[in-house]
Amino acid sequence: MCTAAVYKTKDFYFGRTLDYDFSYGEEVVITPRSYAFHFRNAEVMERHYAVIGMAHVEGDYPLYYDAVNERGLGMAGLNFVGNAQYRKAVQGKDNVATFEFIPWILVQCATVREARERLARLNLTEDSFNRDLPVAQLHWIIADREETIVIEAVKEGMKIYDNPVGVLTNNPPFGQQLFQLNNYMQLSPKEPRNHFSEKLSLRSYSRGMGALGLPGDLSSPSRFVRAVFTKMNSVSGNSEAESVSQFFHILGSVEQQRGCCEVGDGKYEITVYTSCCNADKGIYYYTTYENRQITAIDMQKEDLEGNQLIKFPLVQGEQIKMQN
Amino acid sequence: MCTAAVYKTKDFYFGRTLDYDFSYGEEVVITPRSYAFHFRNAEVMERHYAVIGMAHVEGDYPLYYDAVNERGLGMAGLNFVGNAQYRKAVQGKDNVATFEFIPWILVQCATVREARERLARLNLTEDSFNRDLPVAQLHWIIADREETIVIEAVKEGMKIYDNPVGVLTNNPPFGQQLFQLNNYMQLSPKEPRNHFSEKLSLRSYSRGMGALGLPGDLSSPSRFVRAVFTKMNSVSGNSEAESVSQFFHILGSVEQQRGCCEVGDGKYEITVYTSCCNADKGIYYYTTYENRQITAIDMQKEDLEGNQLIKFPLVQGEQIKMQN
Amino acid sequence: MCTAAVYKTKDFYFGRTLDYDFSYGEEVVITPRSYAFHFRNAEVMERHYAVIGMAHVEGDYPLYYDAVNERGLGMAGLNFVGNAQYRKAVQGKDNVATFEFIPWILVQCATVREARERLARLNLTEDSFNRDLPVAQLHWIIADREETIVIEAVKEGMKIYDNPVGVLTNNPPFGQQLFQLNNYMQLSPKEPRNHFSEKLSLRSYSRGMGALGLPGDLSSPSRFVRAVFTKMNSVSGNSEAESVSQFFHILGSVEQQRGCCEVGDGKYEITVYTSCCNADKGIYYYTTYENRQITAIDMQKEDLEGNQLIKFPLVQGEQIKMQN
Amino acid sequence: MCTAAVYKTKDFYFGRTLDYDFSYGEEVVITPRSYAFHFRNAEVMERHYAVIGMAHVEGDYPLYYDAVNERGLGMAGLNFVGNAQYRKAVQGKDNVATFEFIPWILVQCATVREARERLARLNLTEDSFNRDLPVAQLHWIIADREETIVIEAVKEGMKIYDNPVGVLTNNPPFGQQLFQLNNYMQLSPKEPRNHFSEKLSLRSYSRGMGALGLPGDLSSPSRFVRAVFTKMNSVSGNSEAESVSQFFHILGSVEQQRGCCEVGDGKYEITVYTSCCNADKGIYYYTTYENRQITAIDMQKEDLEGNQLIKFPLVQGEQIKMQN
């Protein structure tokens, strides 16, 4: 499915993997400040924050999967199948379709704090973008350099969780994901100590044994634990190259290799793309399953005052550098 | 520590990760056919197969970590600390120092079958290269497109294992590594079935749950199971780009992220480099921890008749492609 | 902590372990039909169903841990520390203190269906029995031969869960316990099959490997999974002796051995007692940590019309039968 | 299959479970000092140590499963299917059939030290007792209050292991069993500490979480780890009753419940019997699957000078004590 993570060194980084068995045709899309956003249940928004992120553009509308705005707020939607539940539009609420949710937050809010205010009035509606694009069952992560939250619209209503780990995957609901971390509290990046029995001379016969018990499969709860362990113990330099490099290593710990997750009929879920956005600078980095090299788009190099989407098709195919 | 793997599509691929907390300064080194190999306990070998691989060159001598020869035979040495045991030189045996072992096999043998014949007369000696480079405790994987073997010199003598999985990590001895796979036989890339109780309606709530139980830590036995699972279930196209891409994904499943394996004093083991050699074509691909882009050196573009080592310093630093 | 289970052969059985580091001094107590029950927030109940179970009697009041009434309804309270939350008495509700809850249900209800009706009007209050006995944080299992439910009073209010597995342990809340069973759906009492890779000849080298992955520690979620697996796959004859024997084997799978669960200061949690009540016949069987032999008390042998508690101190000490 | 264990308080205790899907009809058998032992490849032994243990008696010959002699030496044979390998009788060795092995050691040796001397000259032969009783594939545990050893006759020859844990189960070979304990060194009977990340406030939400990761299934390696954990951390009083009680609790941790280990055709492996012998006093205690009460036979109450086997059929059926 997918994994999202945040990371902070000198700058603040926000990114995710998109794991799926096919691609809708996504590209990096910059929405400049004067692109007219037509929300279903609100007036046209003519002027707003600029946004950069990965989107499938349908009829000149950016269906963002993950994005960051020029103020450093990031947001991503991840599969939440079987748990997500949306409602009909209601009076007195801000009625927002799920496909509008990411831009609706990012074009208006500079911080998580501001997003929280919007969320207090929010009703996520069951409107689909069009007939061919059914409503995706999602939950969302919103983060700035100070805090991270998770939004889940479930049967009981809308839930907003503080996210102290800065990671989101898929099912089960976030509260349960967070809770299960308690089961792994003894795991450590350090060499294990013998607590089994003082009378036995047990020993570490390999480096890395302190984390024995960390799950290695590709299911959503296992990816959650592994990504949190990797992220919370991550060590890197502060420079842009070192930070971005480490970010891709963190998400690399939950990458889905083709063949390891069969979804039927000889189809396999893979990590279609991995993104890492420097939320402070507006630089969007990505890799794809078939192109390990990091490619980047710098929002600030474009005219952010425009009214037309600026689109960058993904660089496809392994970019191998021949050294001789 | 390290993980080695083989992979076969149209061509045969051989590679490894080198996981360590520092680097001795390795580079890609081609040993051409007329480089005079001075073995400690044998005559100078003036003429032999050409070899390409990763090596630390000390005093014009290529201390190979992993390499492939022009006939498609690959070999790599991986840490085997606490179990490796070498002997003094003995009459009537081919006495070979461990640092000579990789070139000694690769310059003379075209296949694993030929290597087996050499191994029958082999005595691995405890000679060190020089005072400053103590003898490394290693075991080795040797592979061609037909078969893979593992060589371990232990207290009981030298053991040669058939390796049906084409993966090697570190401790414990290979026989035990292979045996423990039985414990994971129920794991699958497919969706799990309910065998717990027919009376309960258990369900898969996330893709990937068929492999729940796969270990996710960085210890040697856990990396072994994970790499084997990933490799045996791997699905990819046959082209060079697709094969190489998939190979790096396979080894990516056991990559060591900085921070997750502390070895004391704020030092961390990381995947210093990952290699993938097309053994049929003699093209050596590599990535480093700080450079995700694949860099390649094609042996066939060099003069393989020479007598001087041809060295390629590793391209360091993240090679980010700016798209705007 | 504790584990409760139900089991059905020809008759219906209900029982539990009580795991703790000390005992309050419990005994088997029969409350006959005319014992006057003084509930805090209700009128005296002069006439009601007779009840048999394990209780600590304080001031002639039976503080039941688990009990069954003469109609075949069973109920037990198990620790639920950190999650249980009770309220002040409120108008318009049946206000029942937690220490009254078991008798309040069992003296009035013949079935779970009837208990559900009572529960609809219930408010569990934070009243303590007296100063020396603080309010225990508990959740409850109620069962008859048709159905089993779990009652949890938590921050969000009172929750009533259908319990399809007939097992209850402690934290986390029951919904989460039930959900985590999905993670174990591949486990089986049968021999495992190789789904890891068709290309490898993996094999079962020991009986019982189909359930590899079943947790073996004494924590509450692990006991839950293990008890459910054992109970759902349990096979036994229908006779009273065979049924009771098998019931003790089921709870034996989660027994706490002295030394395996240290709770500080050289104190250890052990399975103080294990009970199994034939709910149809009103026979209460028990064993204690130091007395493996099953001891039984048959409710029907007593005068159930009385107004005084009938108490049976537990038979203590290993009852070893010398055969010569 | 089976689990054997030793335990020392004031006295020394030796016992085992026998796990199987049927019973050959075993009973407690005392071999007195003048019973004439006819060994296949040795002279008749007219006079020897007396022995008590569980045996199937066939043609007046005690086929011991486990036994203890009057000097306090205990020995048991456990299944070792697929690994055991016996040989033809050879000149210059003490040739002993596997069914003779337990009495051969116990009637002659007072200590493990003496047993080691015998073992140095031993050749375990492939002779069967008779046509109807094929040679069982076994390995053995021998123990006195000072030390415990394991004997395995495998392809490479006979191996004698020191056994620092005092536990034996079945496959794989003992060296591997012992080695795998290193994988569990972080497990503890104490409350776990948070080593996952200092930045997270993880917590123990249930007692017993320090041993999360302990395997709970009935396979041989899992029973080994669980029995060792339970035994090494066991806490009990020194009295006979407390010691014996605790011993049965230790082996209770690996008991096999009917239904949890299907061996085909609706047959299930169960713990047929559990034994515990006070090796110092010669008192043999046992329970059976259908009789939880401990039954005991005291060797010293019999005439140990006799020449006829003294047999005690097992007390079968649940011995329930009615308290009213």
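By written order: A, B, C and D. Residues from 1 in each chain.
Just so we're on the same page, a contact is a pair of C-beta atoms (placed from the backbone, for glycine too) under 8 Å apart; a residue touches a chain by one contact, two chains touch by 3 or more.
Keep in mind it's a predicted model, so treat the numbers as computed, not measured.
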{"item": "If a chain touches subunit C and subunit D alike, it appears here", "value": "A, B"}
{"item": "Chain whose average C-alpha position is farthest from subunit A's own", "value": "D"}
{"item": "Centroid spacing, where centroids are CA-atom means, of subunit B and subunit C in whole angstrom", "value": "55"}
{"item": "Distance between the centres, which are taken as Cα means, of subunit C and subunit A, whole angstrom", "value": "44"}
{"item": "For subunit A paired with subunit B, centre-to-centre distance based on mean C-alpha positions, whole Å", "value": "34"}
{"item": "Subunit C: positions in contact with at least two other chains", "value": "172, 179, 183, 187, 190, 205, 209-210, 212-213, 221, 229, 233"}
{"item": "Parts of subunit A lying in touch with subunit B, wherever the complex brings them together", "value": "1, 28, 82, 170-172, 187, 189-191, 205-223, 225-226, 229-230, 233-236, 241-242, 244-246, 248-250, 252-253, 255-264, 268-269, 285, 287, 289-290, 292-298, 301-302, 312, 315, 317-324"}
{"item": "Subunit C-touching residues of subunit B, taken from the complex the two chains share", "value": "164-165, 179, 181-188, 190, 192-197, 199-205, 209-210, 212-213, 228-229, 232-233"}
{"item": "Of all residues in subunit B, those that touch subunit D in their complex", "value": "172, 176, 179, 183, 221"}
